[in-house]
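Next come the structures, one after another.
Here chain A shows up in two complexes: once beside chain B, once beside chain C.
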Partner chain A sequence: MISADTQGLRLATRYAVLVLIALIFVFPLVFMVMSSLKPDQQLLQDSGSLRAFLPVGDISLDNYAAAFQRAPVWTFVFNSVLITGVTVVLSLVVCSAAGFAFVFVRWKGRETLLAILLATLILPFETIAIPLLLMAANLPWLGLDGISWGWMNSYRIQIVPFIADGLTVFLFVQYFKDLPGELIEAARVEGASWAQIYRKVVMPLSGPILATAAILKFLVMYNQYLWPLMVTQEEGYRPVMVGLQYFFQLNVAWGEVMAYLSLITVPVLAFYLYLQKSFIASIASTGVKG
Partner chain B sequence: MARIQLKDLRKSYGNAHVIKGVDIDIEDGEFCVFVGPSGCGKSTLLRMIAGLEDITSGSLTIAERRVNDLPPAQRGVAMVFQSYAIFPHMTVRENVAFGLTIAGASKAEKAAKVAEAARILQMEHLLDRRPSQLSGGQRQRVAIGRAIVRQPKVFLFDEPLSNLDAALRMDMRMEIGKLHKALGATMIYVTHDQVEAMTLADKIVVLKDGQVMQIGTPMELYQNPANLFVAGFLGAPSMNFLKVTVQAVNGNTALVSNAALDPVEVSTRSASFKAGDAAILGLRPQYLSIAEAPGRLQGTVALTERLGAETMVEVKLKDDSSLIAALPQDVVFPVGAQVAFDFAADKAHLFAAP
Partner chain C sequence: MASKFTQSNRTGWLMAGPAILLIAGFVILPFFLAIGLSFTNQRLVSPNPTEFIGLSNYRQLLDVATLTLEPVRDAAGELVLKDGAPDYPSIRSLTRNNPDRPDLAGMREWFSFSTGGAARTVVLARDVVFMTAIVNTFVFVLVVAPVQAGLALGLALLINQRLRGINIFRALYFMPVVVSIVVVSLLWRLIYDGQSGLLNNLLGTLSFGTLPAVDWLGNPSTALGAIIAMSIWQAVGFHMVIWLAGLQTISPTLYEAAAIEGASKWQVFRYITWPGLRNTAILILIVITMQAFGLFAQIDVMTNGGPLDSTQTIVFQAIERGYGKQDISGGSAISVILFVIVLTISLIQRWLTRERS
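Up next, the complex of A and B:
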């Protein structure tokens, strides 16, 4: 038997540990935001003490003003949000549809194709970057003013190669395998087409995996650096991580770096909060267990 | 009309032959039950009829139309699954209306048909609930509701009651029986519960290892089992099997006996025997009665179980085999008592020894 006291103690310990873990994650963020408000000299002085986490001393938004001076911050943020958003949405549609076809539809060669797809998981992106670049440089595109060649310096070059990937398909495949097969069979007997089964039965039950896949894809896309650096020479198409370079030229202005980082972190936090809400809602509404 | 014919139907998974040539003819409006031990291929056969499983060879016709290669949706069948398979993210109303929604029915039509189905299944008050808020029996009603709204000509049930407790199972069994009378549709029902089979079926198909053992009405199978398997499978407790030797054959009857059984003349039905053959004599526990000594069979009581309406007595016979008798409730024997039984010779079944 456990007395109320030991139970209280356990609870307190558990909360203490959780708070500690939360702090470990929050401190860098606090440090970043606080530093962005301080001039470089004070920032470097404070960084050795607890003052680094406090809004003390010479506080101002000067760093932000300077950051906007130095780089087209909003362009970078806009580009990243656009590229990331479009890729995440298309990726969820394409990869879930692929997973659906692999798990529920019987067709020749699907086992082999799935195996090949999974094999691509072990290829690091760097190995295919150069061939991909050579291909992209010569791809045709049907734009408003007719056919043009080469995809360099565009949004599409930063989006299309990342829509379908083995990992996301694999996540969906694993999740779909665990859905009760009789649900899909029941829908088939009731006359639903594959497209209807996908839309009306499988997708509504896939909230948790959609959220997971979206978060993973978001992180990958928002943090893209190497590929956009290779394929964009024009400032107008560059994403935030490439934009960070602008702050490391000649003399590094740490305050401005921190201001820039604070700004580009906002979309990430917004996305997390949004997903967290819909993630919980989706679990609550499906309530599969009974 | 929805007559269903299976001709030499076969199913293999690679080298595993699961259905080994099945011929069944199910009349329009008939209630046909597939029974058999676990793994005999009942579900596979049903799923082949539904179109959820490919047919390796043979032919399947529904309503005089060959449907081997048609997808499930075009076969005009509805199916109720053992796990209910109702959609957890939809309300009961949406679940029941699912097939209609898919078919593009109007709002008014859907409302009317769902209301009708809900009335038949007495679940009007559940329509706005979600599946997670329903009991097992209620979920099964929803699954049946979803099947009946489209008014299919054929219903397929795969052990629909096996997840329910005994009392509910009896209720639902009766409701399914009533439903069949009300709808007049052809129904195929898979179960391994012989009570369900006996009470619901117009026709029972007994399966074993992917083959048909016997097809007939419940009473035909009960009174006239074609082989040892069917004899042992139907009836509770199971038929007693005694190893006997044929002493003499006389037309359609044979004189048989063993160490514990005095010679008795029984019908050979269609099987043929000759004197000296080993054979199996089948005796249903219900057809045994207490005899004034000496009786045809003698033995010692090993166990008695009083079930209320009747008393089961397990008896050790002189040749060390044992036998179960179902006796009236007021008959009580102490363990070790000597008993003697009689039976009507025309109720005994003689089978060739395996």
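Up next, the complex of A and C:
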């Protein structure tokens, strides 16, 4: 027989291991937030002890005020929110429509085209970034004042290339395949139009996959770095990750850096912790059926 | 039957069209452009027309040659010693304006080794930095893929226990995944700092001050390792979740049967868990490998390829050329090389893990 004591000890050890590992994953983020509240000198001194993770000493929001002084922070935040929001919404519409067409509608070329779309999954973005940069510099755009050339320094160059991607279409296809196809056929027989079926039958059943696709796209778009770095030279169009460069010109004030990092990270972390089940489920769903 | 009701070419094209056009224009077209441009001298902005220059970009990047150098001997055939060591003819005399070896013009020493006796074999490369970048990228992938996959599996097994509050731990382990790699890289720059970095302070305290402080990112022998460790820390939660999803597809009745049979923990893992995770394992290996080959942001934020090119990577080189130097064709050639490497490796992985029937 195992005594109650040994059992308690075992349980305690298990939790101790779990907590220790949790500390490894969380400490840099705690360090970030705590440091953002401290003056530079104290920040560096504190990093020699556990004080680095505690809100002690000379605590204030001065670094945040200084960060807003140094860089157009609101512009960067606005740009990121706009670019991420618009891309996520358009991506859901475009990719769900494509998934719908591939699963429920029978049309010429559907199998070949689906195979081609899935093949693009093995193309890492890094392998197309450079030619895409050349395209960005030369694409035409029809504006109010006629045709102009070049998409550099714009919102559209940060949005349009990321609306549709093979993975999102694939996730919708997988999800739609599990919906009862007879339901759609029945609706057609009854005379429902395709648009009605898409809006009134399939979309109401698609809550989980819409959440998954939105979360994955959100993470990719909000954290974009390489692409906006290459295509935005004007600060007016730069998103938050590229805006970071402002804090490394001239003298680096780590307190301000930490304040800016906290400002662009903590809302995302809060959002994640609030919706963590959906976040984790969406990552998991990329694996199970792959 | 009802099939005529679900048949509609117009609807199919109308609904799938936008996604097809966007992917064709912004993924497939650039991919073929990369191939085409890599055979030209295209620049981002140039007054001169673009010309077809064949394999020249690839030669510039990939040319290697070996050279066997005999030590310098005097008239009697004795070794001429210089500072007590045999003296070799300088490589420069062969690679600069040497009419006998036009093929070596402009190449630089990559590495050398002695091949028995006094002779020394020198490997020359036209672009030594790119060669270093390829080697570094492979080291990164070869370490990250197994270590990250293994740690992620360990964490998944840990999190798969039935304990109160386990979901909180799962959420915490996953947290770095939702943080931008740029933010993570900056934080770790402070953690790795040579003087007041958290890591040095921690190691100093644990060793009672006997371990000397290390400038983790400033030292060529530790910089790549430091970036590897951080990258694993950031991404391991992602793959933990995928393993977890795999674990949860294994039928509980199998575990019940094993418990009745009195199987040991290891036997349960070896004969039930692991076979059930086969497909997950293949997927994880392929995904990590592809992600690892894209290594860029960490380098850009933390080291810029240094110190002494010890953290140069293929993608960093592609961006430095294509964007930094506006040499679109050179950057495209690197992209194509990267694609060929990724494709070859994923084909090999698929072949190695194929279903044997």
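Basically, the second predicted complex is superposed on the first by the 231 of 290 C-alpha atoms of A that agree within 3 Å, B and C clash if a C-alpha of one lies under 4 Å from a C-alpha of the other, contacts with A are read in each partner's own complex, and residues count from 1 in each chain.
Going forward, contacts are C-beta pairs under 8 Å (C-beta built on N, C-alpha and C of every residue); 3 or more make two chains touch, one makes a residue touch a chain.
Not measured: the values here are computed from a predicted model.
Trainee: With both complexes superposed on chain A, which partner does A:Gln196 reach: first (chain B), second (chain C), both or neither?
Mentor: It touches chain B, and chain C stays clear.
Trainee: Touching A:Leu205 in the superposition: chain B (first), chain C (second), both, neither?
Mentor: first
Trainee: Which holds for A:Ser49: it touches chain B only (first), chain C only (second), both, or neither?
Mentor: So A:Ser49 only meets chain C here.
Trainee: Once the structures are superposed on A, label A:Glu185 by its partner contacts, choosing first (chain B), second (chain C), both or neither.
Mentor: Both: A:Glu185 reaches chain B and chain C.
Trainee: Go through the superposed model and pick first if A:Leu250 touches only chain B, second if only chain C, both, or neither.
Mentor: Neither partner.
Trainee: Is it chain B or chain C that touches the larger share of residues in chain A?
Mentor: Of chain B and chain C, C contacts more residues of chain A.
Trainee: After lining up the shared chain so the two structures overlap, which partner does A:Leu142 touch, if you call chain B first and chain C second: first, second, both or neither?
Mentor: neither
Trainee: Quick check on my understanding: which residues of chain A belong to both its chain B contact set and its chain C contact set?
Mentor: Residues 185, 188-189, 285-288, 290, which sit in both footprints.
Trainee: Given the complex with chain C, which residues does chain A contribute to the contact?
Mentor: That would be residues 11, 14-15, 17-18, 21-22, 24-29, 31-32, 44-45, 47-49, 52, 94-95, 97-98, 100-102, 104-110, 113, 116-117, 120, 122-135, 137, 160-166, 169, 184-185, 188-189, 194, 198, 219, 222-223, 225-226, 230, 241, 244, 254, 257, 261, 264-265, 268-269, 272-273, 276, 279-280, 283-288, 290 of chain A.
Trainee: What residues of chain A sit close enough to touch chain B in their complex?
Mentor: Residues 180, 182-183, 185-193, 196, 201, 204-205, 285-290 of chain A touch chain B in their complex.
Trainee: Touching residues of chain B toward chain A in the complex: what are they?
Mentor: 50-52, 71-73, 77-79, 81-83, 85-89, 98-99, 102-103, 130-132, 134, 139, 143, 146, 150
Trainee: For chain C, which residues count as touching chain A in their complex?
Mentor: 2-3, 5-16, 18-20, 22-23, 26-31, 33-34, 37, 42, 44-45, 155, 158, 161, 163, 166-167, 169-184, 186-188, 190-191, 193, 196-198, 201, 233, 237-238, 241-242, 244-246, 249, 280, 283-284, 290, 293-294, 296-297, 300, 315, 318-319, 322-323, 328, 331-332, 334-336, 338-339, 342-343, 346
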